Amino acid sequence: MSTKALSRLVDSDDAARQERLRQLRRGARSFAQNRLSLVGLAMVLVLVFAALLAPYIAPYPADAGAGVHFDRASQPPSVDHPMGTDTTGRDIFSRVLFGARLSLMMGAVVLSIAISVGVTLGLVAGYLGGTANAVIMRTTDIFLAVPPTLLAMAVVAATGASLLNVMIAIAFSWWSWYARLVQGEVLSIKEAEFVESSRALGSNWTRTAFREILPNVLSPITVKATLDMGFVILVGAGLSFLGLGAQPPTPTWGAMIAQGRNYVTTFWWIAVFPGLAISFAVLGFNFIGDGLRDVLDVEVN
Amino acid sequence: MSYVDYLVRRALQAVPVVFGLSILIFLISRVVPGDPVRLALGPQATQEQVTRLRREMGLNQPLPEQYLDWLVGVLQGDWGMSLRTNNNVFSDIVGRLPATLELTLVTLFFAVLLAIPFGVVAGTNKDRWQDHLSRIVALFGVSMPRFWVAIVLQMIFVVTLGLLPLSGRLSDGVAPPPAVTHLYLVDSLLAGQFGTFVDAAKHLVLPAFALGLATLAQVMRLIRSDMIDETKKDYVLAAQAYGLPSNLIEYKYMLRNAFTSSLTVIGLALGFLLGNAFLVEIVFAWPGMARYGVQAILYQDFNAIVGVTIVIGIVFVTTNFAVDLLYGYLDPRVRLED
Amino acid sequence: SSSGGGSGGTDDGNPGGNESSTDSNGGGGGSGSGSNDFHFIAGQVFGTLDPAEQVDYTQGLAAQNLYDELITVDAESLQPTEHLAESWDTENEGKTWVFTLRDDVTFSNGDSLTADDVVYSMKRMLSLEAGYSSFWLSYLDPEDVSARDERTVEFTFSQAYGPALATFVQFYIVNSAVVEENASGDDWGRGYLQSNSAGSGAYVLDNWEQGNSIEASAYEDYWKGWNENSFDTFRSTVITEQSTIVNTMQQGDGDMTDQYMGVQAYEQMDSFSNVRVPEVPQLQLFHFPMNTQKAPTDDINVRKAIAYAFDYDSAVNDIIGGGAQATGPVPQEMAGHNDDLTPVSQDLEKAQQFLDQAEYSVDEINEIGLEHVVVAGTELQRQMGLLNQSCLNELGIELTINPQQWASITDKATSAESTSHLTNIFHTAKMPSPDSHTYLMYHPSSFGSYISQSWYSTDELTSVLEEARTTTDLEGRLDKYREAQSLIVEGMPSVFIGNPPYRIGINQNVEGWKYRGVMSFDWDVHSMTRKGDGRA
Amino acid sequence: MGDPLLEVRNLHVHFDTHDGVAEVINGIDFTLNRGETAALVGETGCGKSVTVKAILGLLPSARIPAGEIVYKGENVLDLSDAQRHARRGTDMSMIMQDPMTSLNPVLTVGEQMLDVLKWQGRSRLSFTSWMRDKLDRGTNDAHRERAIEMLGDVEISAPERVFESYPVELSGGMRQRVLIAIALLSEPDLLVADEPGTALDVTTEAKVLDLLDDLVEERDTSVLYITHDLGIAREVSDYINVMYAGEVVEQAPTGELFANPQHPYTRGLLSSIPSLSTGIGSGIEGHLPDYTDPPTACRFADRCPHAEPECREFYPYPRTTGTDHTVACHLFDGPPAHARHAEGDAVDVDIGEPPWYDRADGRHQSNAVLGGESQS
Amino acid sequence: MSLTDDAEPQVQTARRPVEDPMVRVEGLEKHFPIHEGVLQRQVGAVRAVDGVSFSIEEGETFGLVGESGSGKTTTGRSMLRLTEPTAGTVEIDGQSVTDLSASELKRFRRHMQIVHQDPTSSLNPRHRVKSIVEAPLKIHDYGDATERLERIEELLEMVDLPKEFMYRYPGQLSGGQKQRVGIARAVALNPKFVVLDEPTSALDVSVQARIIDILEDIQEEFGITYLFITHDLSLLRNVADRIGVMYLGRLVEVGDVDAVFERPQHPYSRALLSAISTISEADERLKPERMTIDGEVPDPREKPSGCAFRSRCPYEFDACGAEEPPMYETGEDQVARCFLHDEDAEEDPEW
């Protein structure tokens, strides 16, 4: 009996693997159908590689840290310095590569905080309704009513400028969007019959909320998260622009633009390349987000 | 629930939001390190001066009391003094709000006005070149930092081409129109000063573009996807089957629904624009509230921080309320359904 | 070529080349309205118009042009010289100062300026306890200010007060009648003067949009009289973004900028045909005060190691872009500077030696975490931090750069514990006396301000500084200050870096500008004229 | 045979999808005579809506690789977009399936009716004519009268009120009537009714169908009726085309079809319908084939209880088995119904006789015993 | 085979006596409050279910029929306490469901299940078939992983699905297949009672027939008691043993399926029956003559006084408006709520 059961398990494992493969292929195919999302994926992969391999591919890795070379300050792009050097003689290309790390990390950290807080609150509010909903959603409204940059600025001003504080500050305001999104989704999904089925089977509310409803709000969350990756990088850049970001010499793109913006007419490369890097990242994530939206839509149908 | 009830309820819901917001911002402003009194008095101030001002400002009381005092004051129009400008925050803000409002409203207006035809064309031509083009343009719009766009625009249109003015709301020597709404575009028209109107409009072009590009892109994308959803609606198919003109179907039958669902985002966008206006205001030396707000934060001028944020919050809450009103106007289901 | 171009040029240095004026839309500028308009571009928002509250350069700008100061600064000698007061005297062993006023001065409403106005203005100053009132607060009782007659005022200090004359350059006279009339309660007209002017200055306020612009027009009966090419109106607009300022100057839309942008901005403006950038030595010190009451910079050897590790050449030439290297706290051009001191120069070996003698090992220092605060947002500040970071790196010391808002810096400065190990500080003379660069920095009574972030003093130094203040004889006083400078440098409380040159952008068609040593005094619009027709 | 109004000949419709080309409609033929009502019957997804959308020209994303749609003697597929547009509404109109979603929720009923009266047939609306209309109240009143009259015709008791109402204010039955009224406004010669009333309650549905019946009778309109319910088809139509997976598998006059159903699919369907007298069969095993990879020969073979290996090899071209009765199945003998199969591009295969064939009287067993029979 | 043909269920459980039915519903009410105004005060209630009583014998199928909005679904849901009934009692297998505490209720749910109308929305699109069917087993601690897997395979076999489908998502299944998954889930724990809420109305007839077949098999094998909700009378004729006709939250006629179909005793039942579309003459003869009723179901918030059907009834007379008619016994195991059956009624039901 048990061997038979076991063999059956193995059997169905095989079937499972096959089915999973099939689904993966299906998803990949519909994702690939969308050219732009492939482009986006490629762009983000480039970023990820740049971030991971920065110490190895950057021609002047030391320039990402403390290092000033006034002897080669403000040089235009050349073979030695593909993106030129900044006013303290640091290689912009190297700094842009290292900047990718920070930007990706920042996006990831902010979003993981914002999503875990926002999703939980939105789920609880939407599912439980009543007073819990009212309290959570009014709080969310409050946070929504403050522009993220302004709130983040206030928090950074309160806690001091550092990359970590900036990340926490942005997350501090960002969660509300997820709470709102999730709550809205939950309200509509909650009416679906499978939610009632779950209750009819005797499961408690946490199981219903987290096991049944949560998976169904993941796709809009994923889409939003990819799009937000870009926005978080932009907000971070905006804060750095005001001098509220990471501390020098940390090479964040926003700080690099902020630094270079005074030289657009003379040493244009100082601001332009980090600017392009931001656009590149945001664009990549947006392409993926758009593609994902299509894929996830397809999957449900 | 009747439409009026619905609106009254929405209006009532806004009240705790504004209060909550004030508490939140008040708390943040008070935990900001840095002694506002010393900041106000300057480095040469004596200890007695500091203690006295502290007492005057009520800073030696417990936080809840400070908040209550402040709240009572706010309701009476006394928003406290700005430490940086030594002025009543209320009058500081009132003086600067019109400039910011003019900028954001013009931005929003044009962003939406342009987003509509682009969104419609993209949505009704899904997966054709029009769609791809607008999508890519939109994504570029979303992906560029606003301040960066602002600076680049200045380089191109002012420095290189010399087409548009560089900064401010009016050119040198152009007097502001007689103040009625404090919005120069409106006031100049009211006063019949067409030259001033053109000048003010010219000054708005670049900041509005830099500020609104992302919003334009966002709204356009939204309308596009809503239009795509609309193409699948039965009533659209039905309208086609009845032989109605295609542009009538697009703009009357589809857009109205698509636009309704974009409304919420447009409402949020105004708050967003207000919140981001400073990035552009700084670059274009726009004498607005957003710039004031940023400086308030940088100088830890906390009455001003609270004031600005409350104003933005109120604008945000009011626009959302206005959106609800509009929603009810555009979509009878809101008005008529239970 | 980084500092070459403009280095020789003073105010009159740039010849010719100003006829290439008409820009395509240049006509839209000030000349469009037909009047001769002076447009100043301020890089920072101005607060109050009240001369009793003014402390920063934009406020000083307003005061300079709307009011008159009792004593002013001579552009050549940078010493106090007559203005509203045509002569003065000391009595009572230097405790009493007696000033005789000119008799041809009228306020903008036509009232003539009398001794009562001066007395009122000082009492107002002392009561409001704002702005530069601290110059006098500890030494002057309001009761001891009085008018001897319509043209004579006397101030009796509680002790001999050497720098008194210099302090009166920051003393602006208000129209007592107007102010009293508009005073509410005992506010001394503070609310009124926030946004109105009641002075005898060359210009009268027309319009003021706080945070954005000041507009004023010439007072016809100004006692100094007017020149045909004088400016009819004067405006100041706030533009905070550096590139926008530079572009505005290039477009011929501005007459003058402030001095607080990055070096490159001035280099860039200098390259425009319609803008000149004079460069003069100024009474300013740039240094990193080191907190002498906090480990590890409480150890003089650590301080010396830091000072010797620093790359002064790069700092002065590449970052500041010129000027002299500082030898001590007092700027070189200031009367009373100790010329016997020699500047420190980078010497890593010496630095290492000091470090070896120090109580703290490199590891201990890194454990504690050496912090260098810079003012957030500006390029020069950032680069200084980076340079110091990379120099200390050579010694194995890891320096943390901490950009802070100015507000936080002044706040941190209020206690020794919170003051950072090193801080970037520009210290500009507020009056023409070495007192501001010695007493205000190192006398224990001055501690707690951003100026005195070394928290450094010795008994000897303290008594020398006190003696200096009470010495009435100018040369004797200056000698005391020289002695103090030697004492200070011995303790190495700062990395003294340089006396940055003074640079501003000026439209080619503006003439008559002169550097005057004290903040904002060079923006006295009355002293300038327009050459040619409109801006270049 | 009467006077054909609409003839669909060998129509193919393909869609490009993620999974490849979906050959949804695979060569269908049917005719609708003037004044007649023909039904298109089949299960969900068998291509009924696609067929009628193709007829109306409402399939922007589809490809029509072959076929003719002859309406009043001309092949509409040859017409320009504008010409087709001009025919929509005026020549042929459509009643949509779902009354709840087929009216624009944000416009009043009146507004939607007026638009039809005013703008029908124009391919684009110029700004000037739109403005002129805004200024000209006179014709509006005339249109309004006409619309209200039409609402009265569909037995709406307070037509003025309904005219001013938004769809949300109306019940399902009312909305369905409004839809009928709009479709009839332009008095089309051909009315396509895509499952009208399925979303309604039985009692309401019955009433709506009666009403529609009367109205088309009065106006002598030809109706192409789409439904998945053979019971309803039986009530409303003169002629029935049974579709399966994009093909017409059987067509016959209504009476004949119920008396003598031939195709195994038709019979399976009939037996699945719960009957008051004979109970309920056990249905048809399986489901529709994947259109991107359909069986090459008989599309029903995988579900057919009588399938033989040949059925999976040879295309079962439609053949005539009686007067006006064609069936596409190898179980039946008969001359090809369409000329294109006469040439031999479809092979005549004999897989025997239908198992329900009653030798004794040479006829198929009647429908009466069908239910019980298929249960065995 | 239809259930009606099935006189004796083949289950070996001892048949309960008629006085002790498997399911007993007494005076069930469910009122949804209507809130209005700024303060959302309750201004009234939708009496969705308004005093419904019936009982079902073990292993039988009770059919509930009525127009949309008549309260069929709400009745089913209230019985399972998926929505809290406002009043009334429900007993299942002798256990008063309405008295159970929250935690007892959760445990008791294994005995009563529901199959929803829309197979698409009743399955979580993000879960594989396996985890959907496994959910009840997990919740009620059924065996270990292997045992559960075996049970799932067994269940899939029971509903005629290949076991590979275990790893598919609902989106990859056809409507009929989805509904089978729904059934497998509902019967996973051998419930005593299952509510079938229009389980086939979203499906094609050919698929419907298969599903009915499966449901009947399962009922035969395990002796499950069904409440079959539908608006399709012909279908009900084939699956139910007894039926109840609902109108505006009330049962207007209850009785043996044959009796009601042959001799409907309420004008509403009769109208419903007459609207059935048929595919044969034989069927045509079996339904009453076409009787159209005017208007539509009234707004449940504004029910007519007296007999709720009064506003649409062609036989309406004075008594109908005064008070609600009681249930009249009109035959053996058949009751109808109509004054036409009152002995004192002046008018005679002329049908």
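To keep things simple, chains are lettered A, B, C, D and E as they appear, and every chain counts its residues starting from 1.
Convention: a residue touches a chain if its C-beta (ideal position, glycine included) is under 8 Å from a C-beta of that chain, and two chains touch if they have at least 3 such contacts.
Protein names from UniProt, one per chain: A, B = ABC transporter permease; D = Nickel import system ATP-binding protein NikD; E = ABC transporter ATP-binding protein.
Note that the coordinates shown come from a computational prediction; the quantities given were computed from them, not determined experimentally.
Common neighbours of subunit A and subunit C (chains touching each): B.
Within the contact network of the assembly, the step distance from subunit A to subunit B comes to 1. The chain pair with the larger count of C-beta pairs in contact, out of A-D and D-E, is D-E.
Rounded to a whole number, the gap between the C-alpha centres of subunit A and subunit E is 49 angstrom.
As a whole-number value, the distance joining the C-alpha centres of subunit B and subunit C reads 38 Å. Between subunit B and subunit D the centroid-to-centroid distance comes to 53 Å (mean Cα coordinates, whole Å).
Inter-chain centre distance (subunit B to subunit E, centres taken as mean C-alpha positions): 55 Å. Multi-chain contact residues, meaning those touching two or more other chains, occur in subunit A at positions 157, 160, 242, 261, 264-265. Counting partner chains per residue, subunit B has residues 33, 151, 159, 298, 300 touching two or more of them. Counting only residues that touch two or more partner chains, subunit D has none.
The residues of subunit D lying in touch with subunit B in their complex are 53, 56, 58, 85-90, 93-94, 96-98, 101-107, 115-116, 119-125, 166, 168-169, 179, 182-183, 186, 192. For subunit A in complex with subunit E, the residues that touch the partner chain are 2, 5-6, 8-9, 12, 15-16, 18-20, 23, 192-194, 196-204, 207, 212, 215-216, 218, 299-301. Those residues of subunit B lying in contact with subunit C across their complex are 33-35, 38-39, 41-46, 49, 84-87, 92, 95-96, 151, 154, 158-159, 162, 165-168, 171-173, 282-285, 287, 291-292, 295, 298-300. Listing the residues of subunit E that touch subunit A in their complex gives 77, 80, 82, 105-110, 113-114, 116-118, 121-127, 135-136, 139-140, 146-147, 149-150, 153, 163-164, 166-169, 171, 182, 185. On the side of subunit D, the complex with subunit E involves touching residues 43-44, 171-173, 201-207, 210, 228-232, 234-235, 258, 268-285, 287-288, 367-368, 375.
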